[in-house]
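Same chain, two partners: chain A is paired with chain B first, then with chain C.
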Partner chain A sequence: MSIPGEGLAKGLAVTLKTMTRRSHTQQYPDVAPELPPRSRGVIALLAENCTVCMLCARECPDWCIYIDSHKEEVAVPGAARPRQRNVLDRFDIDFSLCMYCGICIEVCPFDALYWSPEFEYAEYDIRDLLHDKEHLGEWMATVPPPPAHDPNGEPAKEEAAARKAAAPPATDQPSSGPPNARRRPGSGSRTDEEPP
Partner chain B sequence: MPLWLELLVRVVGVVAAFLVLPLVVGQAEHKVMAHMQGRLGPMYAGGFHGWAQLIADGVKFVQKEDVTPREADRAVFRLAPVVALVPYLLALLVIPLGPNDLVGQPLDIGLFFVLAVVGVGVVAVLMSAWASANKYSLLGGIRGAAQLLGYELPLVLAAASVAMAAGTLSLPGIVEAWQPWWLLWQAPAMVVFFVAGLAEIRRPPFDMPIADSELVFGYMTEYTGLRFAFFLLAEYVGIVVIAALTTVLFLGGWQGPFGDEYLGWLWTLIKVFVVSFVIIWFRVTYPRLREDQLQRLCWLVLVPVALGQLVLTVGVKLALA
Partner chain C sequence: MAGMTADTGALRELTVGTGAGLDTADMVLNIGPQHPSTHGVLRLKLVLDGERVIACEPIVGYMHRGAEKLFEVRDYRQIIVLANRHDWLSAFSNELGVVLAVERMMGMEVPERAVWLRTALAELNRVLNHLMFLGSYPLEIGAITPMFYAFRERETLQAVMEEVSGGRMHYMFNRVGGLKEEVPAGWTGRVRAAIGEVRRRLPDLDNLIRRNDIFLARTVGVGVLSAADAAAYGASGPVARASGLDLDLRRDEPYLAYGSLEVPVVTRSAGDCHSRFEVLLDQVYVSLDLAERCLDQVDRISGPVNVRLPKVVKAPEGHTYAWTENPLGINGYYLVSRGDKTPWRMKLRTASYANVQALATLLPGSLVPDLIAILGSMFFVVGDIDK
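Then we have the complex of A and B:
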């Protein structure tokens, strides 16, 4: 049995209740937004880690990474012959093409690329969206430390490996998981197969 | 005080109220509606919580081009916004703010005058609708005419009930005769008057003549710049007028808990703003009625209730006499 006008009163109550609550508006230019962890703002480059393996440029779905390099001979004292080393000349990412898939960061075997949450790099000229090596390096300062490990999640593979190495070889340890869980699928094995 | 000075003070006071109160109500609508929808509303204009938003809007409207469509009936088209605005200004003239003639123009037939003048609004709607030479405008205008003519009846009947109870048509006289128990006695009339008043000023949920999702903007579709601003201003003055009339007729006007003699104007203003808040609150809460629901509500609910209230008023009045 419903009272006539009950719905009308309920509607009024809802709007009045909403008025007393805090509003949801993000006052963005005045107040910086609280971005979630692992936000994809811009890609930062740690040039020292780059070995010019070209994996990122090859995997990029829209080919927005441009890499140039030259070889350099490094004479190591005591070695039989001088070694060759790749020197990075140019590393550009064209953010007018980038679709922020993050594949380059995933495939980088030497942790030279990182996500930074900075997103305020709009330009008046589309050509200015091509960030060169130095510009990409400047974003490194804004890369946050990785978020803490989820206490309920699976342990990190390094942790599990260390525990396994430290523990005496026991047969009754089914908790270490299946053997291929220790290695990230795709990453470890792929780099081994890549030609230098 | 010489007559001309008194006249000047009264006219200036009414014009000031005419210009200030709608702005306050409009700003309140911006903010109240925003917060009821979980938003903030204007925040920049004027620096502090967007207090100058409506002034900025006014400046913007003044700068805009005043377009009159080629097919439009120029004279009528240009006159319509003024016809929409002036009746409310005249209505404010006779609404009492406090005791001892604190009113623009004390009038013995104040209630009659106000109802007659507010009824002119339908002429402005029809003028703007017909003169625009626009199908949407015409549809909006015809809806508006049907709505305004229909709701005039319960509005007048409800007002007649309270006039009968007070035994006078003078608005200050009604406030003087008002007693708190009338809140109960005249409650149905108050509800009818308020709802019919909402329809009369075409506020949501009774904004079928405007109905922006169906009719673009109804009879205001072709208006730009200052003339459009006049229509908007008329809407907000309409809120003030209906809130003030509800206050004066049913909520006891300047009668407050204490100090009626000196604080009467304050009680009136507080009540006007509370009723205005309810009008805004209704706008945020309820969706627009359909055209047939609108007429059904008017003729099958409001008119019978208003007639019943008239009978009740007569009965109580005779019993007390």
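Then we have the complex of A and C:
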């Protein structure tokens, strides 16, 4: 059927061929890997957008989000009564429990949570993996703009909302790329969720 | 145990040691739970007669994480998180089974674009899974090099999987009613390039190991599983097809878009370790072709990739059984709902669990050095056995 050792020779030929090629080694600590924008590295928090609705903490499959808040009265000039609003005291994500599923980010109705591809936050002590509000906020700087959708599919809901807002009387802001100041999904009119 | 001659009342004699008698006691040897060749925590209780295995009892459960029980207290989106973890090498296919079951219960129509995308991603996941075993199996029996080639190809495909889903293992990209989100612009082109590259370089892996004389000596005729035994133990997937059990749900009971694709089913008849390996290797070529054909469709079909879901997804009261051809074999999902937002029961039928059962007949009669070759060729993931 075949000469003995033919298989070995073929294998060695592959090795020889590969020897002449460039290696595929990634020089990781020296060269940072190029990660796609959707990479699920760490969760960033935009605390100003958070309204303490607790959806993320409730939907988290392993309950690794801890939220504390208190109510504060804000006197609105001209209004008869002072308004109440929630103030976020504590927003911790325990990354030693997190399963990186992204459900919290998906359910957040006010776009306060984002994925960042940053992954270098290993710690010597497991307790240090609990990132508090400030730590989570620092990740915001590393959040990349989302990739454009395939033209065959539906545009991103943010894109659709921006187009809708921009279309009728072209007075509002022009739709410029991935909108950073996002709105509530579904609401066409301008409803700023940020506290005054 | 100390070998000694005891004489207590009734005549009882136990002789152990050289020259002490003609009979020798069989040795009971534990392979695992912690053993490098079990890639996980599978324990095999072997009874050895010298170098020969005379009985084998796979003891499973060391990695039981109660996935099925946890499903009962998770809503259908949260279940996907857990479902893609029991068999960590075929996360996408696992998610798929769950959502297919829920969608069937809810009578949901999944957009065509999502169906084709799912099929493409499932096939890519199959390639990733197979490449893992194509690298690790030779490694287990002493050939280190193929691992590097397999991982080079894996990395190429991981890149496109990561680009679309954000994850490298636990994709979390399926949702009830479709996919999480639309793919990025230009992604299908990059997948095609990745597939092309893998297809071009796969002969390296093929030439390196498939007909390697040492590899052949270790695997041909070793661990022969007959088709009847494979069927009796409920083995499926590449393991069963290597024994000539021509069963592939993608062709025999099509789900997703497999109905409109022609799925070539790779089979062998020898049923030994080498044919199991060959089935895996040839399936990679098939899956790459299938994924490419799905991408052609994805580029042709426009529209949404998911449906608008109610705020709370509840499967209506009833039960259903969905099964899919996972990379390692048939995975079944028996979903019983009482109309709540969590399933009342979700039973998993996992491929690895059924496949390792065959070890009880496969191993007796083989030599200890062949044991690792046979064990590795059953292509199981311990998480998938223990759930």
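Keep in mind that, in the parts below, the second predicted complex is superposed on the first by the 141 of 196 C-alpha atoms of A that agree within 3 Å, B and C clash if a C-alpha of one lies under 4 Å from a C-alpha of the other, contacts with A are read in each partner's own complex, and residues count from 1 in each chain.
Everything below uses one rule, namely that contacts are C-beta pairs under 8 Å (C-beta built on N, C-alpha and C of every residue); 3 or more make two chains touch, one makes a residue touch a chain.
Fair warning: this is a prediction, and the values are worked out from it, not measured in the lab.
*Asks:* First (chain B), second (chain C), both or neither: which does A:W139 touch?
*Replies:* Neither chain B nor chain C is touched by A:W139.
*Asks:* With both structures placed on chain A, which of the two partners, chain B or chain C, ends up touching more residues of chain A?
*Replies:* C
*Asks:* Can A:F91 be said to touch chain B (first), chain C (second), both, or neither?
*Replies:* Touch status of A:F91: no partner.
*Asks:* With both complexes overlaid on chain A, does A:G153 touch chain B (first), chain C (second), both or neither?
*Replies:* second
*Asks:* Is A:V14 touching the first partner chain B, the second partner chain C, both, or neither of them?
*Replies:* It touches chain B and chain C both.
*Asks:* Based on the superposed arrangement, let me know which partner A:Y114 touches: chain B (first), chain C (second), both, or neither?
*Replies:* Neither: A:Y114 stays clear of chain B and chain C.
*Asks:* Looking at the overlay, what does A:Q27 touch: chain B (first), chain C (second), both, or neither?
*Replies:* Only chain B is touched by A:Q27; chain C is not.
*Asks:* Overlap the chain B and chain C contact sets on chain A and report the shared residues.
*Replies:* Chain A residues touching both partners: 8, 11, 14-15, 18, 24.
*Asks:* Spell out the part of chain C that touches chain A in their complex, as residue ranges.
*Replies:* 74, 77-78, 80-82, 85, 113, 145, 149, 152, 155, 159, 162-167, 170, 172, 180-188, 204, 207-216, 298-299, 301-305
*Asks:* Note which residues of chain B are touching chain A in the complex, please.
*Replies:* Going by the criterion above, the answer is residues 32, 34-40, 43, 281-282, 284-286.
*Asks:* Hey, which residues of chain A end up touching chain B in the complex?
*Replies:* Per the touch definition, chain A meets chain B at residues 8, 11-12, 14-16, 18-19, 21, 23-25, 27.
*Asks:* What residues of chain A sit close enough to touch chain C in their complex?
*Replies:* Of all residues in chain A, those touching chain C are 2, 4-8, 10-11, 13-15, 17-18, 24, 35-36, 38-40, 59, 61, 99-103, 106, 115, 147-156.
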